[in-house]
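There are two complexes below, and they share chain A, which is joined by chain B in the first and by chain C in the second.
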Partner chain A sequence: MADYPTSKELIDNVNYKLPKKGWMDTPTTIRKGMYCYAGNPKSLETVGFPNARQWNPLDEDWKLPENWQEIIHNGFKERLENFRSFKIFMDICVRCGACADKCHFYIGTGDPKNMPVLRAELLRSVYRNDFTTAGKILGKLAGARKLTLDVLKEWWYYLFQCTECRRCSVFCPYGIDTAEITMMGRELLNLLGLNIDWIATPVSNCYKTGNHLGIQPHAFKDMLDFFVEDIEELTGINVAPNYNKKGADILFITPSGDVFADPGTYTCMGYLMLFHYLKEKYGLDVTWSTYASEGGNFGSFTSHEMMKRLNSKMYAEAKRLGVKWIIGGECGHMWRVIHQYMGTMNGPADFLEEPVSPITGTKFENAKSTKMVHIAEFTADLIKHGKLDLDKSRNDHIKLTYHDSCNPSRGMGLLDEPRYVIQNVCNHFYEMPPNTIREQTFCCGSGAGLNAGENMEQRLAGGLPRANAVKYVHDKFGVNMLGCVCAIDRAALPPLMDYWVPGVGVIGLHELVANALIFPGENKRTTDLRGEPLLGMEDEADE
Partner chain B sequence: MNVNYLVSLVVVVALSFVPYFGIDAGLKMLFGIVIPYLAFAVFFVGVINRIVSWSRSPVPFRIPTTCGQQKSLPWFKQAKIDNPSTTVGVIARMALEIFLFRSLFRNTKMQLHKSENGPKITFQWELWLWLAALVFHYSFFVVLTRHLRFFAEPVPFFVQLLEKIDGIFQVGVPGVLISGFMLLLAATYLLVRRVIIPQVKYVSLVADYFPLFLIMGIAFTGIYMRYFEKVDIVGVKALTMGIITLSPQIPAGISTIFYVHLFLVSLLVAYIPFSKLMHMGGIFMSPTRNMANNNRATRHINPWNYPVKVHSYAEYEDDFREKMIEAGLPVEKE
Partner chain C sequence: MNLSKTLKKVLQEKKDKILSEWFEVVIHAYPDDMAYFLKREKDAFANPVGQNIWNTIETIYKELLDSFDKEKIASGIDPLIRTRAVQNFRASESVKFVFSLKEIIRNNFDFKDEDGGKSLYQLERMIDEIALIGFDIYMNCKEKIYQLKANHERSQTMKLLEKANLLCECNNE
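Presenting the complex of A and B:
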């Protein structure tokens, strides 16, 4: 018995009716299923976050430090002085409402405080009270309010109902980015030790052991070796990967989610197979790292500083191993960090070479400073130059649609590379409606650290618009698989699909590639990586 | 009842009556000269202050919102404007934002349909807000430019040209200039939509209604003066020329409605620096729109970047050395 509503109950509860009273006078109740548990104090202590303690969001008393209002005020001021984005976004919103129905959480919950404009107003109202003359004099009439305990709780509740997906920002006439506002708000909450455990503990694990689950180096190797066995069973090929190998050509870093959880594990097998193929055929030497064994950056859900602390491992490890450059696996917010923050925070990466594919000779001009290439870019280049031997028909049992992950779409622009790869490894590909893909793509509902279990209702509600677009192509074209380039997607979308669109699975790009990739001397394949029979091979697969 | 728009309406109406009493009390100097000068002083100092204050905060990270294909491999067609990688691209993107409200043009309206077969969400292209915003801003611009005729002698040719275009329908005497009516109409639309769309009403503050009522008041008094009251235009121009040439004078015979118009304009102008109307400056400085998406190709510098505490490889190996050796993983120190 699941402790969340059925899809019918959930939908019945969604109406976009508004309270009679204004939002400032409508108190917020923290509701079960819509929030995540508080951060474990031990995890906060590992990384030196302040005010580590046991607390419960449902309790009246949040055990805040005595001077918490002062801490927030000073933290607010400091961020206004350090980030022009924050300052401008506090000042110029005209509340035109264009963002309102662009948010997946608003669409899925109908809660007006999930309208991006109101989420921002939660902070803006305090900004006006503390930092503007009009707010100080006119108070509520100027849209200002004091930071009370209730307001703080409201911040916490709604800043952890934003996945920093940036969809609203696409439609804002001034480019106001709620992700930016949520990041600042969460930084402020972190000053009081108010984080959720699904972020705080992964942060601590990433810091200490290198990946969010805290998989220790030997176990990490064991898990990959397990995939090696599976692959050998399937293809007869031993793909033996390198670990922490000095002098390798390329360091490969991917989210650790791919190492432990289905269906990401199959994507991970896909990477292993591709790299082995390239080693055998072209002599390319790729290494994995147990120290930098997490691409995903949970730090980015806490503070810019923590983001930098975790991200530093990538360059540090590349330097230690003496590789030429880095390839990054399929992940969403990992790529936001690599693309928009890494070079600034931890660069310049002078010790690396400007990335050139040794196989095709292609220079990755767009990555010449950061020296990190997205694996979809890398693979698309290999395919373009005919360097991969592919049998598309091995994916014929799949009718695919493709989910653009928020961060690579709106914080980078990685749109056509994965599609190009898909079109070369897949015969049946169908796009979802235009308002739901590319830069207008909808979040899986679980990004920015909200992929926990206790907030399942929130995640299923937030994922509704995504699922609904999948349902459209499922009904129309019989789509049975949802492709993606993000580890959180791979973890979050399967339960979302089971809930809203049963019969649709979730698959990473490089699982599709590996299905199609023909190894010299491999066993005849009768199943895909998951052991599902290929089209026309049903009888043989059973044997 | 929504207190926010009522308050705004009452305040604006009350403010319009102020000059009536003032002029009766013989305060023409105050309303014709002192307040306009003060208002413009507040405007210039305020706007510069605000822009300087924004500029003082650095842009530590390059965070454009990308709305199309990135520049990557040569055979992928880059969206050069929606995802610019060069300064030229950024300028084009900004120009589209500023002159054509590009992002608002994308606006859609979501609808959730419930049925037995489950929910269905649809999205419809929604152009009305974009259109009204465009009409509002452009007619405001035309009206403003036309007013240059009161501040220059001889009247510059482009003002005369603009006025000719504005009066293209050649209806009535004095000829109807469409921009003023369009401004009033668009402002009314923006107000009505704020009041009748429940979500927009819910998020609206006094600060959203007040400038709308003020602008409507300005447009209304302007139209009233030109077509109905027919104020003494020669007197008005003498007053405005006096202001601009710093030799202020109050010509006799200008009716009170003009002072109401001038007072509301002064209020609006003085209000700008402290309000959301600063979006006209802010849009130029919005980091999600005015930066190129070339982060991986060109390093962006954060002026306050500082060293952070990290968990080094050496510390990591110290934690796990034995396990690593046992698993056959290479280590630095045996």
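Presenting the complex of A and C:
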């Protein structure tokens, strides 16, 4: 009989197995498909980030400054002193493991260093070595290790395999937020010019022209005008918005992804239609800005200073235009920054008014300091007060499920407002299983700047738990659309669906609203915003 | 293709044992911590990979004993191979688990007693067939990934920029 290997030999032959050594002794190999290209030096220069140079993560030499260890040590020290939460997170983890299997990257890649507790240990081990007595004396026995070049490379590799989604923190009995540890780690890496291009270049573009693609103001306006034409064709109504209008009631800011990338563009049409409706019916005066043309804060993926600089542009524009307050669109990290950092970073925005809906009189108490209201909350309030004329059946061709985008859900607690809106504009809505939604939502796998092309394997592996839950409702209820309130989701989820659950599209909340919104005197609608025939209108739509 | 009655009967009787041995082999392609998690966590949504593994091996086993329907085998093996295609397994490593079933069955059945190894030959041919289906799926997944990579830039902006004749504006240089 042929000499077949035993099952045990088979097990031992697979290279993917972790050596029985401790994690510190397990070398890190940077693998293709699992990392993003290095930041373009020009982009780093624009915003004054240090050590701008061409470098390649696969090269031996990362072209670091000579005293790089000293730079990190001092940067670490400074941050421990300035951010109490960071110091506490370094000290109090008891390694209970409750967070270990909660990270989508761990679940999807199977790589133990993607356990949140180990991701944090990457930094914590160096912290112990540099800043604690036990670590200095006992070294490895106390879980301490020196910051060598290999350790630094490991930091870079795994801190850019965290989408800062905070799912792990929901399960930590001590409330340790590994996302914050990642943020600090990325700040330290940035001190050495270690960034990725999908963050560095958007940051530079946002800084220069106000949005992540570097689109100039006139082109931004052209894009919106282009949507206006499309909407007129569909409804017969001209929804032309205000641009940079001084003295408008409200400034509206949305991620530029909504303006430039499908399917976010349809969400953008939704905003335009809603604001026009409110203007005609209730005289609400909203303006868009071609300067504050990006809600997404890519700065938050680099350093708190950069986050602050980009955030301040929105408020500078609100001040310049003299609006009363701000409505923010369906964005992810914009809301994390607004809700968690804006108040103490650039706020309180005292030159603006405390937001009150002029249509319903509702006071948005939670936006008292930031003066910025989430559009889902604004719209939910309008619906609650019966201010929108809606025909739910226009979304009958859609069987919807809803992905709680990490930042609005875990970062600001926006859970029920989008669902309330959905219930009012959609007849067919199916929730995914409870441990994959709301606070426990699974990340799209592409947040915090990881939405690039070259790391597609990483994104698809990280998005596996999300996709798996979508697949369940797709198979069980015939779900064909995945709703969300985040522009990164709208860019990241389509390929994720394409790979794991073909047949499921991605849609923003306000696209659904706009499909259902009945304008006085509009044309009879036979298709939705995408030109897809409405249920029962297939023949008419063809004509 | 069909297995002998005796073999089918034994495979049916020892189903649980064989499947759990097979499951062990499959999960040990992962680092120990992960293997432990794949086995311990029973919730299908908290542990989608573990779930995929179970579903896959169960389907394949069922088809071996049943009608050996190639389409059912393909759709059964797909989720696991699809997962491995994004997990840095090489093609050979991704499909290897199928072959390991041979060894496991051989350890659970005395083929010499039956028909001088004829049923063993038959069984192994069928398992090879399954592995080949797995290879095709692995290749399709890789192709899909490259296609998604290639489409990435375009899907971000190009369609609309082209429409609006704005392409020159997005040049960063």
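Assume the second predicted complex is superposed on the first by the 525 of 543 C-alpha atoms of A that agree within 3 Å, B and C clash if a C-alpha of one lies under 4 Å from a C-alpha of the other, contacts with A are read in each partner's own complex, and residues count from 1 in each chain.
FYI, a residue touches a chain if its C-beta (ideal position, glycine included) is under 8 Å from a C-beta of that chain, and two chains touch if they have at least 3 such contacts.
What you see is a predicted model, and the numbers here were worked out from it, not measured in a lab.
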- [ ] Identify whether chain B and chain C fit side by side or clash on chain A in the overlaid structures.
- [x] clash
Open item on the list: Let me test your reading of the model: by the given contact rule, A:Lys136 touches which partner, first (chain B), second (chain C), both or neither?
Closed with: neither
TODO: For A:Pro173, select first, second, both or neither according to whether it touches chain B, chain C, the two together, or no partner.
DONE: first
Open item on the list: Taking the superposition on A as described, I'd like to know which of chain B and chain C A:Tyr420 touches: first, second, both or neither.
Closed with: first
- [ ] Please work out whether A:Thr344 is in contact with chain B alone, chain C alone, both, or neither, and reply first, second, both or neither.
- [x] first
Open item on the list: With both complexes overlaid on chain A, does A:Met223 touch chain B (first), chain C (second), both or neither?
Closed with: second
Open item on the list: For the overlaid complexes, name the partner, chain B or chain C, with more touching residues on chain A.
Closed with: B
- [ ] Could you look at A:Met115 and tell me whether it touches chain B, chain C, both or neither (first, second, both, neither)?
- [x] both
Task: First, second, both or neither for A:Lys476, with chain B first and chain C second - done: neither
Open item on the list: A:Leu460 in the overlay: touching chain B, chain C, both, or neither? Say first, second, both or neither.
Closed with: second
TODO: Name the contact category of A:Lys77: first (chain B only), second (chain C only), both, or neither.
DONE: neither
- [ ] Please identify the positions on chain A that touch both chain B and chain C, taking each partner from its own complex.
- [x] 7, 11, 14, 16-18, 100-101, 107, 112, 115, 216, 222, 433, 435-436, 464-465, 468-469, 500
Open item on the list: Looking at the complex, which residues from chain A come into contact with chain B?
Closed with: 7-8, 11-12, 14, 16-18, 22-23, 48, 80-88, 91-98, 100-102, 107, 112, 115, 117-118, 121, 132-134, 141-143, 166, 169-177, 180, 207-210, 216-218, 221-222, 243-246, 290-291, 304-305, 308-309, 312-313, 316-317, 320, 338-341, 343-345, 347-348, 362, 364-370, 372, 377, 380-381, 384, 409-417, 420, 433, 435-436, 438-440, 464-465, 468-469, 471, 500
TODO: Enumerate the contact residues on chain A facing chain C in the complex.
DONE: 1, 4-7, 10-11, 14-18, 20, 31, 33-34, 42, 100-101, 106-112, 115, 201, 205, 213-216, 219, 222-223, 226, 260-262, 265, 433, 435-436, 452-454, 456-458, 460-461, 464-465, 468-469, 472, 491, 494-495, 498-500
Task: Interface residues, chain B side, partner chain A - complex - done: 7, 50, 53-63, 65-73, 75-77, 79, 82-83, 85, 97, 101, 103-104, 106-110, 112, 114, 118-121, 123, 129, 133, 197-200, 202-208, 274-276, 278-279, 282-283, 285-289, 293-302, 304-305, 308-313, 316-317, 319-320, 323-324, 326-330
Task: For the chain C and chain A complex, residues of the former touching the latter - done: 21, 24-25, 28-34, 37, 41, 43-49, 51, 82-83, 85-90, 93, 96, 99-100, 102-104, 106-107, 117, 141, 144-145, 148-153, 155-157, 159-161, 163-164, 166, 169-170, 172
